[in-house]
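We call the chains A, B, C and D, going by the order they appear; numbering starts again at 1 in every chain.
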Amino acid sequence: MRVLSNEKNALNIYSLTFESTSELLESLPGQFVNINVRGEDSPFFRRPFSIASATDDCIEIIFEVVGAGTWQLSTLHVGDSVDVIGPLGLGYDLDFTESKSLLIGGGVGLPPLMFLYYKMKNKGIEPQFLAGFKSVSYNFMPRNITNVHFSSDDGSLGSKGYVTDLLIETLFHEKVDHIYACGPEPMLSKVIEIAEENEIRCSVSIEKVFGCGTGICFGCIIENSLKRLTETGRKYSLACVEGTVFDAGDINL
Amino acid sequence: MRVLSNEKNALNIYSLTFESTSELLESLPGQFVNINVRGEDSPFFRRPFSIASATDDCIEIIFEVVGAGTWQLSTLHVGDSVDVIGPLGLGYDLDFTESKSLLIGGGVGLPPLMFLYYKMKNKGIEPQFLAGFKSVSYNFMPRNITNVHFSSDDGSLGSKGYVTDLLIETLFHEKVDHIYACGPEPMLSKVIEIAEENEIRCSVSIEKVFGCGTGICFGCIIENSLKRLTETGRKYSLACVEGTVFDAGDINL
Amino acid sequence: MNEISKERWDVDFSIRLGSLILKNPLLAASGTYGYGRELNNILKTDDFGGICTKSITPLARDGNEPPRIAELKMGMLNSIGLANVGVQAFIQDKIPFLQSLETNIIVNVAGFSIGDYIGVIQLLEDIEGIDGYEINISCPNVEGGLEFGSSSKSAAKLTKALRAETDRFLMVKLSPNITDISEIAIAVEGEGADSLSLINTLIGMGIEIDSEKPILKNVYGGYSGPAIKPVALAMVHKVFHSVKIPIVGIGGISSAEDVVQFMLAGATAVQLGTVNFLNPTALTEILEDLVAIAESKGIRNISDFKGRLKEWD
Amino acid sequence: MNEISKERWDVDFSIRLGSLILKNPLLAASGTYGYGRELNNILKTDDFGGICTKSITPLARDGNEPPRIAELKMGMLNSIGLANVGVQAFIQDKIPFLQSLETNIIVNVAGFSIGDYIGVIQLLEDIEGIDGYEINISCPNVEGGLEFGSSSKSAAKLTKALRAETDRFLMVKLSPNITDISEIAIAVEGEGADSLSLINTLIGMGIEIDSEKPILKNVYGGYSGPAIKPVALAMVHKVFHSVKIPIVGIGGISSAEDVVQFMLAGATAVQLGTVNFLNPTALTEILEDLVAIAESKGIRNISDFKGRLKEWD
């Protein structure tokens, strides 16, 4: 697929858009693409990225440079061609019309929630959005996402501290039916804990090393909760095709 | 080492110059450099190239794009750094003051002879130079090399036919003591045959696949002639360190 | 969906593999194509000459604990540990789709005792639409500690027992972690196997120096991908000169050139493994490139490549 | 000339390998560093912790016919065929330079019969400046057809015979083309070897599809380079848990990270092989990077890395 733009949005963060197949344009929030990154130090596996937005003619991903693959991606130019497959994964359960939703994410866990936010807005729903960053330099939230509360580790953006502190605070004075969360594992664990205490339904996006992203290598397993183990008889689920979004009660993080 | 220039000289032919160590600047005609070509489809072994010229501050090689390694080299830009070792190999015997020399080469076999030509001119010697190309489009001979007779397969440059035909013709009316030859194997075989018939000393540059270029892999062997086998008891010589220039009587091509 | 229109080609891709006729010499390798359905919206699974299923054991297995896959520079390690739904669920949930495919279905069977293998095959014998079995002998043999595939005696014993159970196409998949693969190949041929597939993964290991831990929880894993191709080619060539039954080449194949190399070395057909993870439409691209190679060489039957390796003079 | 000034480092690189003290754990691998002199104008050969010479046989050998090396994507194949000057010329022409080096000289010995090995060692026993022998048991054993290194019986027999000949440091170099490398390792240890080095090359093959010929005249060759590292690491780890004598790790090492991986897996020292072809100053760069890694981990004795691999919980 042809690269339409590749822009540095924040410290080490890039927004990459590319021309899209009709299949990709129908992708759902929470789904991902899997990119075959080629270049001097090409990684062997594809690299998975959540879809951050899908318009009529393009797909956007937002990524942080953390290693050889993402570095290589950051060097792509407009017009370069890139080998992308997707949309993959199940995406979020979009049955949110009735309920009051809250989106919570940290760093490059935010892109799938951004996509979810756009979908909700399209349906006339305005969710709460809590976003955490290391510092203001990493903030890549686009202007068209309003109603966001920020936190940052150093207080340079929004309130100082963890985004989960913001969550606790929010839950003091707001009723929430469904939390959608994505971000680093310690953050997710904390969110799940808070959701359980408050008996709120919680959907989390899981990141694992993906060998294929298509359900054929059986590598990307996540442990099932006792509940799901009992239901299915299976110790593990495949994150790529049975997720990457799971109901918090179904898995052991 | 830093690339100083990389210019397309002729069809598929590039001249690449780079900053040079003091060792490299003392290199002799017939010696080569071994380049670690890095990039998307990096070849595993280094790639050897004859030194085409050495001035006070740079080394030049002239190469034809024939595969992944040379293609990658053709994409180098001024200022890029390139991993070069050398000078390697023994180079030509420079004991030519007394004798009448003739240089004969085809295509990218010519660069080492160009270097030899410059050295001879510096010593006030003007050798005969016969140069063969597929056609005029491949001609990369610089203007400062005069007294060259050209041949080309299609007659678009100099006389039509093989450069070895030119050699036969030349030997009709000129006395030659020493032939220096470099080029494709069939050409070299023919040159050696002609030299033998005319009882002229003949030095040839040999190309083999080089695993190391430094004499440690024992891969780049060339069969010794019966004469040399008898002298040394060895069936093979190492092209990289015992050559790449051999006396025609020492090897079996 | 990339569909393959055979009509425009001048090359006959069909090959005979023992009693089977394959529409082309490319099979999906066991454990690298799930149960055949997963990629069907990306690639028409029918376009494979055959599908070797994930290894099936008598009971469902969760497999090893994570991390159980890891990438390396030119390949990967896996210690999946024969995770599969078990033969009962396989028959109930996976066979119907496989039956609907117009390709050869080869069920890969694994076990920890001869009884395990027999148990799986006996249940499958009554099911239609299965064209043959591939026997994975690289599983730890509980009695000896080593794999069935690591001695010609145990490999022969297992083959003999399974030959008595079925008249279907029986292919034995050899392990490369062996002193002399020909010895095993000859033993297995002697007990009536119809074909040999090779190689399974090499035993490998990776270490992450920051954490100072193995990259797999299981420490060792199976090494697959382009890095193992030279080893696989040597073994296919060696076995080709040791047995008469047809060979299916496996190991690092990711291009049409690779396929031709394996056929020149003596393979009748080949399997695509790890490449399916990286490039789910590899099959289509390889078939197209194979046409170009065959045509450039004036070859009209792909099987003409088999064993055609020339010697140096 | 890249000289290494140990003074500015806070890391003690010296290691004990059996009866030897090496100034650092990096040795040049046999067959990949000639006779020690070839690169001495590019790299101070002294900077190696030790040099394993090209395999020496009783008589000079021309080796196999060309082509006998070929490149692959992440490694190479060679079928040099033990080309060497023979023990007499080795003593006369090569030993004097080696004696002048301030590093450990380990002569790699090869042969086609036990008598060959004994012959070489007996001649070398009188020569000063040789610190030990590395026994290459991957040569075809004329009697059985297979390599000495391919059965624990023949490997043990050879080791026993050589142990009787010398009190010098005796290291046996194991072949990876084996079902169970631990079995060989234990057998060789049992006969008194001081150390084990592993691995030698994997058997591999390449085919050029235009000419339809093997890329080596000899058809099969030894596969070396980064592609074989995962196999080597697994074998070093396995042998480390099977024997008590120190292990020298070999196979695809090209960076300081690789060295640390081998040491974590249990190697006391390592050898640099194919990397010397690609990067003749690899040793210097690796030593420098090793300092950085050791310092970042607060390690002051490089030997502390040995066998320190952590387990997953």
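In the analysis below, contacts are C-beta pairs under 8 Å (C-beta built on N, C-alpha and C of every residue); 3 or more make two chains touch, one makes a residue touch a chain.
Note that the structure is predicted; figures quoted are calculated from it, not measured.
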Ordered by label, the neighbours common to subunit B and subunit D are none
Name the chain whose C-alpha centroid is most distant from the C-alpha centroid of subunit C.
B
Please tell me the distance, in whole Å, between the geometric centres of subunit A and subunit B computed from their C-alpha atoms.
58
What is the distance in Å between the mean C-alpha positions of subunit A and subunit D?
49
Please report how many Å separate the Cα centroid of subunit C from that of subunit D, as a whole number.
34
Which residues does subunit D have that touch at least 2 chains other than itself?
72-75
Junction residues of subunit A, two or more chains touched
none
Looking at which chains touch, is this a line, ring, star, complete or other?
ring
For this structure, enumerate the chain pairs that meet the touch criterion.
A-B, A-C, B-D, C-D
Touching subunit C in the complex, subunit D uses residues 65, 72-75, 77, 146, 150-151, 177-180, 202-207, 209, 211-214, 217, 219-220, 223, 226-228, 230-231, 233-234, 237-238, 257, 260-261, 264-265, 293, 308-312
Under the stated contact criterion, what part of subunit D meets subunit B in this complex?
31-34, 38-39, 42, 54, 60, 62-63, 66-76, 78, 80, 83, 225, 276-280
Can you list the residues on subunit B that touch subunit D in the complex?
36, 43-46, 83, 85, 208-209, 211-212, 214-221, 233-236, 241
So, in the complex, the side of subunit B touching subunit A is made of residues 38-40, 42
